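For clarity, chains are labelled A, B, C and D in written order, and residue numbers in each chain start from 1.
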Amino acid sequence: MKNKEYFFKVLDKGFVKLIDFIGSDEKVVLAARVSFNLKTKGEEKDRKLIEYLLKHEHFTPFEHCVFQFHIKCPIFVARQWMRHRWGSYNEVSARYTEVNDEFYIPEKFRIQDIKNKQGSIISENLNHEEIKKTYQETIENSYKKYLELLSKGVAREMARMLLPVASYTQFYWTVNARSLLNFLKLRLDEHAQHEIREYAKVISKIFEEKMPWTWEFFNKVYAKKD
Amino acid sequence: MKNKEYFFKVLDKGFVKLIDFIGSDEKVVLAARVSFNLKTKGEEKDRKLIEYLLKHEHFTPFEHCVFQFHIKCPIFVARQWMRHRWGSYNEVSARYTEVNDEFYIPEKFRIQDIKNKQGSIISENLNHEEIKKTYQETIENSYKKYLELLSKGVAREMARMLLPVASYTQFYWTVNARSLLNFLKLRLDEHAQHEIREYAKVISKIFEEKMPWTWEFFNKVYAKKD
Amino acid sequence: MKNKEYFFKVLDKGFVKLIDFIGSDEKVVLAARVSFNLKTKGEEKDRKLIEYLLKHEHFTPFEHCVFQFHIKCPIFVARQWMRHRWGSYNEVSARYTEVNDEFYIPEKFRIQDIKNKQGSIISENLNHEEIKKTYQETIENSYKKYLELLSKGVAREMARMLLPVASYTQFYWTVNARSLLNFLKLRLDEHAQHEIREYAKVISKIFEEKMPWTWEFFNKVYAKKD
Amino acid sequence: MKNKEYFFKVLDKGFVKLIDFIGSDEKVVLAARVSFNLKTKGEEKDRKLIEYLLKHEHFTPFEHCVFQFHIKCPIFVARQWMRHRWGSYNEVSARYTEVNDEFYIPEKFRIQDIKNKQGSIISENLNHEEIKKTYQETIENSYKKYLELLSKGVAREMARMLLPVASYTQFYWTVNARSLLNFLKLRLDEHAQHEIREYAKVISKIFEEKMPWTWEFFNKVYAKKD
């Protein structure tokens, strides 16, 4: 990790940054074998073991690899994110700090998907310019009123109640590889909202680089299942 | 639970409703003793045991008592709430359902507390009427624009990005007594935000009624400690 | 639960007893819909929803159903059991209580399975009588020496170090339906040890009776996947 | 970690080895501030923040520091250890591997403590030589019979049922600093069994070296409380 920066922009103002990492495909193998002698059994056997573990849902050896991220994303994305309980979060507080003028402004808007009640799809039938203008003006108004309340002496923790869920927030996230695979499976899924999928895609690239065999077989095993 | 409704209004439009409960002070005692013969050792000894468990932080016996709530609260409160990971949540989704015209409108606004950087206090120096008007108009504007985007065909999951964190949401919460005590300790604390403390107060009343000895000694032990 | 006893003998001296339960298939449906109005949408739609949730691994609604068991099993089984971390355990302590003369004595012994390095199979080539005699005498000797050490004044927590992992222990177990399904999937598997599978089978019968639709679709979905 | 080996012998044949670690006192401070700019505010302020976090039980920032150990200890110690659920374990399996001739043989035996029903104390009234002889012979007999059953073809997973809880086992343990502090508090306590306290003592030395400020204030805050 010394020579490489893992920093990726996501959406219009967000990012994913890998801060720290311990582990490797080999660590999974060692933990599974509890062999402790720090020797692996050769690439072919190690790869087979990883495939076996994923196939039979023996997930504990993956818990010994730990990722640590710094994330910047809109609140509505953070809300979906933090439903994943097996991980550690420390988030910036709008009670303690004044909120910056940073909101998620989409390039294109999506219409309700008729087939998928939760989903949405890009449509050229929308007047994107007009919608974006309405959207942006509403958010700017909310932010202006937020500042106005602050200037009148209202406490930060109350003034922020006006702010939209499009507001950007930031947090530290420490998560083991098992829990992260679960996050990726659910959040890369086409039923997940577009915005969080963008984060999941970037994180999956980092995962793949750090634990390539695990990622390879995870996809193979779960692609098979559907 | 049959003859009594546990339903309490909180803030202007929220509520706490106890849906289900298993356990009792006696269950804690039985679990601690793993006596299983369904006999207790008499009130005095049982009370002493509960005090001992709390004092020495032997919290596992309290995990066998389980509360199930239906909560309605603003999003910024739900965000603080769901940081408590040892519990189960199912929340209404703004991706699936159109959001109602329900927002938290405080009666009085608070100013920043100078001593406590996160805190706030009621002040008569504020022009409450004027501030409330600004606050309410901003929220009404956001909601109007939300409906406008919906009417133009924008998907629910995108239109809702405008909505303020003052929006009410609802969720199911299943939590054991150990985790609930931890929630109450942190959220009844004077450093917690006023709004979530209002919920914590109501829940503490329910807790006290269901597990009176545990509540009594919990307060005694933790009051001592400070 | 009022009119029926859920008590089942397992192995030679163990048992599974259901002490308490909250939930139902309907509760899963309600939590998933967060409909809260306590109305379901009719059997056909409710069944479909449960199938959908299991198929797409939306497991949180199942967490609102909670089982509470009293278990008696050998220590080596309890060791496998308590690796399941998302649940609450209170176990009898051999530090506090003198251990009874209760050990698991198998009727038949199994030989190492050549195909499955962890597994074992019943074989008529073994001299079961002779093996059982050796096994039983060894355990009786250990227990006799345990009592001897106690009589000489050795503390319980030290004398018990002699006792075999075949010793029976007892514990309270509170677990939600999601975590219990995970337990059942792993412990009903043919790779699990015969003894814990016997417990899993009994528990699966209780599960089926309490949440029949969930059990039906859980089996359907997971049978498909292999 | 490169230049120093963290390997410590515990009891007669056990050990604690630190395999990996991410974090530092500074990481706690950064996570608490979510400052992310990788700058601290100077030693004095950083130390004060750590004290504040521990005093007010804001434990999440400590979750971003992760320890990874390889442990060798007797089964009865491992049983107490694995009751700590917020951590990851991978243990050697007696189903898969033949168990070695390694058992915990105490130097001195303890008598039951009259004041503390769970506790024990060293006493010179015991005939340590005689007791040790009985203890050791019993264990040797169990191990001999274990090998005998194996030689007759009995599967490993059955033959091991004879083996005493004094048998040594090994496991990988990945745990964050918050959960580790909780482990240390409970297992350094004088109510904990002597044998697991020996492990806790060694681990506390490693903790102190890796996170000296956290350790200093943790002791200060919790010493005060009693």
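By definition in this document, a contact is a pair of C-beta atoms (placed from the backbone, for glycine too) under 8 Å apart; a residue touches a chain by one contact, two chains touch by 3 or more.
What you see is a predicted model, and the numbers here were worked out from it, not measured in a lab.
*Asks:* Is the contact between copies chain A and chain D built from the same residues on both sides or from different ones, judged by whether over half of the numbers are shared?
*Replies:* Result for this pair: same.
*Asks:* Between B-D and A-B, name the chain pair that shares the greater number of C-beta pairs in contact.
*Replies:* Top pair by contacting C-beta pairs is A-B.
*Asks:* Between chain B and chain D, what is the separation of their C-alpha centroids in Å?
*Replies:* Centre separation, chain B to chain D: 35 Å.
*Asks:* In angstrom, rounded to a whole number, how far apart do the mean CA points of chain A and chain D lie?
*Replies:* That gives a centre separation of 34 Å.
*Asks:* Please work out the Cα centroid separation of chain A and chain B, and write it as a whole number of Å.
*Replies:* A distance of 26 Å separates the two centres.
*Asks:* Where does chain D touch two or more other chains at once, residue-wise?
*Replies:* Counting only residues that touch two or more other chains, chain D contributes 60, 83, 89, 93.
*Asks:* Could you please specify the touching residues of chain B with respect to chain A in the complex?
*Replies:* My answer: residues 74-76, 79, 82-83, 85-86, 89, 93, 95-96, 104, 106, 109-113, 117-121, 123, 125-127, 130-131, 134-135, 137-139, 141-142, 145, 148-149, 152-158, 160-167, 193.
*Asks:* Which chain B residues qualify as touching chain C in the complex?
*Replies:* 20-23, 30-32, 34, 36, 60-61, 63-64, 66, 68, 70, 88-93, 170-172, 174, 176
*Asks:* Which stretch or stretches of chain A touch chain C in the complex?
*Replies:* Chain A reaches chain C through residues 56-57, 60, 83, 185-186, 189, 191, 225.
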